[in-house]
Every structure is written in C-alpha cells, then in structure tokens.
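Next, two complexes with chain A in common: one pairs it with chain B, the other with chain C.
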Partner chain A sequence: MHHVLMDQWSQGASPLHKRDPRAKILALAAFLIVLATTAPNAFLTLVIDAVVLVAGILIAGLPLASLLLRAMAVLPFSLTFGLISWLAGDQLRALGLVEKSYLSTVAVLLVVGTTPLPLLLSGLEALGTPRLLVLVAQFLYRYLFVVSEQAQHIRLAAACRQGIERRRRSGFRAAAGALAVLFARSYYRAEGIHRAMTARAFSGKFALLRRLQFGWADGMFTLAIAAFLILVRIQ
Partner chain B sequence: MTRFEKSCYFETSIRMHIPDNFLSTPVWATLDALSIPAVGLMVKRAGRELEDTSIPLLGVMGAFVFAAQMINFPVGIGTSGHLVGGALLAFTLGAAPATIVMTAIIAIQAFVFQDGGVLALGANIFNMAAAGVLAGYLPFWMWGARHRKPAIFAGAFLSVMVSASLALGELLISGVAMPRPLVLVSMALFAISGLIEAAITISVMQALEKLNPELVQRPDSTNWRALAVLSGVAVALGAAGFLWASSAPDGIQRLGLQLGLAAKTGFHAPFPDYTAFTFDSAWLRRATAGLAGLLLVYAVCVAVGKMIGRQRSA
Partner chain C sequence: MTPLIEVRDLHFQYEDGTKALDGVNFTLNAGETVAVFGANGSGKTTFVLHLNGILGGQGSVTVCGIPVNKETLARVRSKVGVVFQDSDEQLFMPTVLEDVAFGPLNLGLSPEQAIAKAKTALQQAGMEHALGKAPYHLSAGEKRRVALAGVLAMQPEILVLDEPTTFLDPPAQRNLLHLLAGLPQGKLIVTHHTRFAASLATRAVFFEKGKLVADGPVAEIVQRFDWIYPALDAADLRYSAQRRF
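Let's look at the complex of A and B:
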C-alpha cells in the first residue's frame, strides 16, 4: 500500500535519512525552483538533474524502480496537457510539461521517502509554518486511515441494506445519510480524542522523540546541492 | 489489508490539483506569496475563534473529507460523483477553520499522495482553500439565516466554480495552449460538478441537521466584516477567471506574454549594477527582479493583514 510503503521507506538509516528535515526541505525547494526555470530543451541540465535524483535514491537505499513507478502517477495529467499543447503547436511546452513535472514528482518522493511525515511537518514548522496548521496536518495524517476504514464499513453496511447502485433517487439519499453519519462519528471521535489527550497532559504541541538539530553536515548538504544545481543551471 | 487497498484514495479519485511546472514562474511565485499571508491571517482568526478542543477536531474533519471520497453518489448514466468538501466544512466549522483544514488537506495530498505540486501549493491553496471556501461561505453568510436551502446550494456551487475557474485562468495565463472548444467543454464540466457538489452538500446538511442540529453553524454567529470583503473578492476573482477564460483565450495568452515581457524589461532600472557581476545572465537578472516583485506582493499582503487585525482589535 502506497503510504504504508512510504512510511517503511522513511524509516531507513542512510546519510539522506539522517539529514535534518529542514535541510531536505530547503534542498527540495532549490531543486524545484531551478527545475521550474530550466528551459524544456536544455537537455544536459535536465539529465544532470535526473542523475542527481537517481544518485539520491541509490544513496538513500530506496527501491529505484518502485519509486520511479510511483512518480508516474503524475503522468496521466501531464501527458493529457502535453498532448493538447503538442496539438496546439507548442512542442517545447509539451515536452517541458511532461519531463519537468515527472522530475519534480520524483524529487518530492525522494524527500518524503527519506523523511517520516511527523519529522517533515516539524521541519516545516521550524521553517515558519503556523503551529495550528502543522498540528491539524499531523492529526489529519494520524486519523486518515482510521476514518477511511470507518467509511469503508459504512459503505458496506449501506450497500447491504439497500443496494446503493440499484435505484438512483434513494441511492443518492442513502449516500448522503451515510456521509452525514460518517461526519457525526468523526466529530464525536475528535471530542473523545481531545479528552483522552487532555487526560494525558497534551500541552498543545507534539513532543518529538528526537530533537531537530540543524548541524554542520546539514548546512553543507543544502549549500552543496543548491550551489551545484544553480551552477549547472547557469553553466 | 487487501480490502482497504482497493478503496485507497489515490486509486478512486481523479487528480485535479495543479502539478509542478504547469504554471509559469511568475504565476506560481505570486500565488505562493499571496497564500502565505492569507493562510496566516486565517490561522490568527481561527486561533481567536476556536477553543483548545478544536485542534483534533480540525484534523479529524480533514481525514473525514479524504474518506468522504470513498462514498460514491450515483448521479445517473452510470457515473457517480463524490464530495469535494470545502463548502460543507465552511458551513459546519466556519470559514477560517475550514480554510485551515483544506490547506492541511492540500499539503498532505501534495507531499504524501503526489497529487498537486509543491511549488504549486500556493496556487492550489489559493484556489481551493482560500478562494473556494470563502466564495462558498459568502451566500451562507449573507442569506443563510432566511433562505437557508438556496444559500447552501449557491455556496457549494460557487465554491467549486470559483476554484475551477481560477485554476483554468491560471493555466491559461501561464500560456498552456488550450483550444477554445476545449476551454468551453471544461467550463461546462465544471458547472456540472458544481451542481453535483451543491446537491451532495445540501442533502448531507439536511441529514446532519436531523442527526444533531448543533453540528451545523448558525449563519449569523460570525460577524466579521473583513471576511465578507475577502469572500466578495474571491467570488469576483473567480468570475473574472471564468469570463476571461471563456471569452478570450488568445487575449489571455497575449496578456501573459506582455506580463512576461514587462517582468523582463521593467525591472532593469532599479538594478543597474548588474553588469558588474560576473554572472551576466538574463536568468539571474530576471530571477532577482522576480524576487523583488514577490517581496513587494508579500509586504503588501502582510501590511493589509496587519491593518485588518488592528481594525478588528480597535
């Protein structure tokens, strides 16, 4: 399963896994910005960028084929728009849409695959994202699978009782009822979670087992990546 | 495990967020610069409005919106739709908290599910979390007390239409060439999905009110002028995007070209010393000019946010 797979990937111990999340976020930003300003037909630059990504994947010890396959998720969208641009006579843009959106996706996957999401979010918070937003995202990720499982049960139950696919009118209303029940259950679940967390002395902040530390190695890592990419871009 | 696998979010839903490298650099950068203070303002507002209880609530309701995509609504001819959720969240949690939840959803979608780009986060947040939610809230805020059903219907319809029109407009300004018939067809599709969203939202709201009326917000419980103004701006922007895209795609391309040229030439004056650098590249010059422009947009946004905040506390 996709996200569980990513969670497994992000538990590794490679040099990339060990970098501070802030270092990886900044390096990712540098990569994406440089890529966004690269011309679609600057093939040498794009190939070097791709080599950097593949080297990163190998250093991190992530499964190369599986990651490259995952990144193809963006292709249906970009191939469609690429085709439209191609037919409209803008071959250069068509090329850029496909190759650059694919490279961007691989870059994001590399960072997410080497950083557990709670750490990534803490890194974003340390870089200035509002605490409330980060907390909401943490809770969202934590309960995503719980609520999804419940939606699954509700769907099954509704289908058993009256056959959602059969009659259109009542099917629509049944789905609305199912969704309202899911809403109410999520709401009450959140109240329960809050009570439980208050009872366990939740102070409005998640404690990390390992404190974030932006060391020399992290700084050098970000600087080296950014400088290399910019130099390749300017040539 | 296998049962769950089949129903995973990324397999059942259509990807509709803008990926990276679809928008031109000035467009995504401006929207990033706009979204940061916009979300910051909403966080401040929500922080004042909410109690402690609400932090897990917002997170779990975000998970609910994800999970809601699994429940299909039959809409005829063998197709089915599902909830988008921005408007429903606005009607139940309030506009500012709904914006925060949608922002968190879009961020998780970009990082975990590769649905939408990271540089395009600002654009997606602006379209769906900020403009979409606010535009959806406007009819509810204005007429929700007296004409409840039409207000809910109009709000849900508007929220989808505004975000979709903005996304389309941004793509066209970025110079993605789309033939006119295609633009019109996608407009029609947006309108249909807006109607589906409206129908879903209104029937879920009715079911919710039967379950527990306290789950649904009283429309007049918030009285925030700036919110109304911002919502109006969101609707106007969406309408502008709609009109532009539907009337003159060629004109937009020309405008995009002109904007690009202006960015290239217009900013030379403040940085005359550039020739002194060894990297005498047009790229570096343009990047610096763009950065200066972004800082300007950001500063204006922060200043406006501060002013609104001060007015509020005064």
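Let's look at the complex of A and C:
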C-alpha cells in the first residue's frame, strides 16, 4: 500500500529525516513559491530545481525510481488540463502545468517520505495551521488504512465468488455495490478506531514522543535552501 | 472496601431505538476476574463501553469510588483499561513503541516517562523485542499482546477485555491466558470461550436481551445456560440436515 510505504520511508535516519519538520515545511513552501513563479520556458531554472529534489532524495536514501514513479500519480490530472490548454492554443501554459505539478508532487513526497506523519502535522500546527485542519488530516491519513484494508477484503471476497465466466455488466454492478458497502463498513470501522482512541484518554490532541526542536542546523537548512532557490530563480 | 466497579440500574438505548441495556446491576471487587457471557447482541459490549464512559446511559456507574460522568472521564479512563476485540482498531501509530506510549502521553506524562512506561508494559506483555516495528507487520497474537501493553502502560486498576481470544490460534490463546493470569488487576472478560473463561475467572455473569440475568460460579452459569460448544455425533448431524432441507 502506498501510505504504508511512505510510513516506512519516513522512519529513516538520514540528515534530512533528522531536520525539524518545520524546517522542511518552510523549505517546501519556499520551493513551491519559487516554482510557481518560474516561467514555464525557464528550463535551466526548472532543471536546477529538479536536481535539488533528486539530491534531496539521494541524501535521504529514498528509492529514486520508486518516488519519481509515485509522483506520476498527478499526471493524469495535469495532463488533462494541459491538453485543454494546448488545444486552446496556449502551449506554454500547458507545458508549465505538467512540469510544475510533477515537480511539486516530487517535493511533497520528499518531505512526507522523510517526516513521520505525526511529526509533520505537529510541525504544521506549530507553524499556525488551524488545529481542526490538522486533526482532520490526521484522521484522514489514519482512515486511509481502514478504507484500503476494507477494499482489499471486499475485493478478495468478490474474487472468490466470481466464478469462471466474467461478465462486464454484472462486474460493474458488483463494483457499485461493493463501493457502497465499502463506505458503510469503513464508517463503522472508523467509529471503532475512534472508540479505542477515546478509551486510551485521547482528547483531540496527538501528543508526541519526540519534542519538536528547531535548532540552528534547521534554521541554516531552511535559509540555505530558500536562498539558493531564490538566487537560481532571479538569475 | 470500595468495589472496583459498581453499576446500578443501568439502562441504555441506541439512537435507532434498540434497547441494549435494561436495568443492569453489577459489582466487581478487587482481585476478582469475572467472565461475561451472553448471546451476540445481548448487550455485553454495550455494557463494557459504559465502564469508561465511552457510552453513557441512565443509572449509575462508579469506578474505584469515582462516579463516571463528563467531569471524571480522564480519571476513570486511567483506572479502566479496555482491550478491544479487534486489535487493528487499537493499533494505529507508526511504531509499536509510539502506540503503547499513546495512552500515557494522553494522561499528561512527559515523553521520557511515557517511553519508560511503554517499555515496561511491552516487557510485561513479552513484546519488548518489537518496539521499533510497525504494528501492521505483527501476527494476530502479537498484535493482541501489543494492544494489551498499550492498556497496561496506563497502569489501570481494572482490565476489560472484549473477546480476547478472537483471531488467536490455540498457542496464542494459551500465551494470552498465562499473561492475563499473572496480572494483578481486577478483570472483566467478555467471551464465548468458556474454557478460557473457566481458567481465569472467579465468577461469571450472563446477559440476555440487555438484562444481567445470572451471576455465579463459571461452571454453574455454563451448565445452567448450556453455554458450551456442542459435541454432536453423526446421528445429531444427520437429524439437523434432515430438518433443514
């Protein structure tokens, strides 16, 4: 499962993993702002941005090919809008959409892949993200496991009863029914999880084993990344 | 001596109108282990969810002398540890250590204190070797032990276990039995496994349609309600098959 893999990646011990989540979030924000303001035909800037990301992936010890492949999940969306822009005669905009969405996704995956989610969300909260939003994100992430697990169970049960002959129409009907059941079952499962959390005195705030510590190395990291990206951008 | 749990005239009805508890009275004293029997849907789980205030019905529930209400929830939840039927619902943090430390951190302990409590509880549950592992990589028996450690780390005075033998193979059930037998807390065990219950419990109660209809020695309750796996012979099975078709 995608999110299980990201969880495993985030447990590493590289210099990037060790940075305070706030430092990584701020560096990501700088990267995204620089990228958003870069012209789609500023190829040298975009190549340097990509090199920064690849260097980050290698320093973090994350599997380069796997991460780049996963970032392609955004392409169906950006290619669709890119195609519309292309057909409307705006080729530059189309190119920019695809380039920037892909590089942004790689950057986000790099940060998520080097920061355990509870720490990442605490970092976001410490930077002023509303608590409710952080809590929703935390539950959303937790329940992804629930929904995917339930979906796998339903798929397996359906496959066991599919028989030899496969009919497209009945297959669609079964998939639609399974989807409805998936929602209902996930809902009840999620209720159970919340109940178990409440039973262990959960009161709406995820406490962390590790305290957030923004040291000078974190400050230098953020400043260096932001300064380098801005320098490349304005050159 | 104050009972660990005292429930008086407890009534509860779900939003869809299902009456789940109908005037339940129950007492758990220190050092006791009580098995809770009853058919599916008889109100057992609804009853245990009242013991740490997850559900709130009409009547009174007192835990270690503390009445269960909104103001006392934090204190009550530090006294009653509930181990749920499905361990996967309980384990959700990225590592075993973080999951077991979840409860102590919620009780306001510092990270260092929470880690110490978590390590002790994992040792108690025989899972200290797994503290860096991801919970979803564990076997069903290991998950149950980690879920139990997560509750033990909060140092409760009462342990409530909902169907603790579900998903466990016989060796894992045996291990769990030994582990529970060595724990000093008062215990409430909701189960259909009468042999497991008989090995641990000092007495049993029986639920029927939301009412607690019997309270006594395990063997007596099992016999009275014929609450045991049937040992059918070939003639019985043939008779059942004829009746059905």
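Going forward, the second predicted complex is superposed on the first by the 169 of 235 C-alpha atoms of A that agree within 3 Å, B and C clash if a C-alpha of one lies under 4 Å from a C-alpha of the other, contacts with A are read in each partner's own complex, and residues count from 1 in each chain.
Throughout what follows, contacts are C-beta pairs under 8 Å (C-beta built on N, C-alpha and C of every residue); 3 or more make two chains touch, one makes a residue touch a chain.
What you see is a predicted model; the values in this text were computed from it and never measured.
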Legend entry - First (chain B), second (chain C), both or neither touched by A:Arg142: both
Legend entry - Partner chain in contact with A:Arg189 - chain B first, chain C second, else both or neither: both
Inset, instruction - Scan A:Ser10 for contacts with chain B and chain C and give back first, second, both or neither. - result: second
Legend entry - Partner chain(s) touched by A:Pro116 [first = chain B, second = chain C, both, neither]: second
Legend entry - Touching partner for A:Cys160 - first (chain B), second (chain C), both, neither: neither
Inset, instruction - Applying the touch criterion given at the start, work out whether A:Val74 contacts chain B, chain C, both or neither, answering first, second, both or neither. - result: first
Inset, instruction - Have a look at where A:Ser101 lands relative to chain B and chain C in the superposition and call it first, second, both or neither. - result: first
Inset, instruction - Quick one: name whichever of chain B and chain C touches more residues of chain A. - result: B
Legend entry - Partner chain(s) touched by A:Ala207 [first = chain B, second = chain C, both, neither]: second
Inset, instruction - Find the residues of chain A that appear in the contact set with chain B and again in the contact set with chain C. - result: 117, 142, 145, 149, 189, 193, 197-198
Legend entry - Contacting residues of chain B [partner chain A, same complex]: 1, 3-5, 7-10, 15, 19-22, 25, 28, 39-40, 43, 46-47, 52-53, 55-64, 66-68, 70-76, 83, 92, 100-101, 103-105, 107-108, 110-115, 117-119, 175-179, 182, 199-200, 203-204, 206-208, 210-212, 215, 279, 281, 283-284, 287
Inset, instruction - Please give the residue numbers of chain A that touch chain B in the complex, ascending. - result: 1-3, 6, 28-29, 32-33, 35-37, 70-71, 73-74, 76-78, 81, 84-85, 87-90, 93, 96-97, 100-101, 104-105, 108-109, 112, 117, 120, 130, 132-133, 135-152, 154-155, 164-165, 168, 171-173, 175-184, 186-187, 189-191, 193-194, 197-198, 204, 233-234
Inset, instruction - Would you tell me which residues of chain A are touching chain C in their complex? - result: 4, 7-8, 10-11, 116-118, 142, 145, 149, 189, 192-193, 195-203, 207-211
Inset, instruction - Give every residue of chain C touching chain A within the complex, in rising order. - result: 49, 52, 54, 74, 77-78, 81-82, 84, 86, 88-90, 92-95, 97-98, 101-103, 105-107, 111, 114-115, 134, 136, 150-151, 154
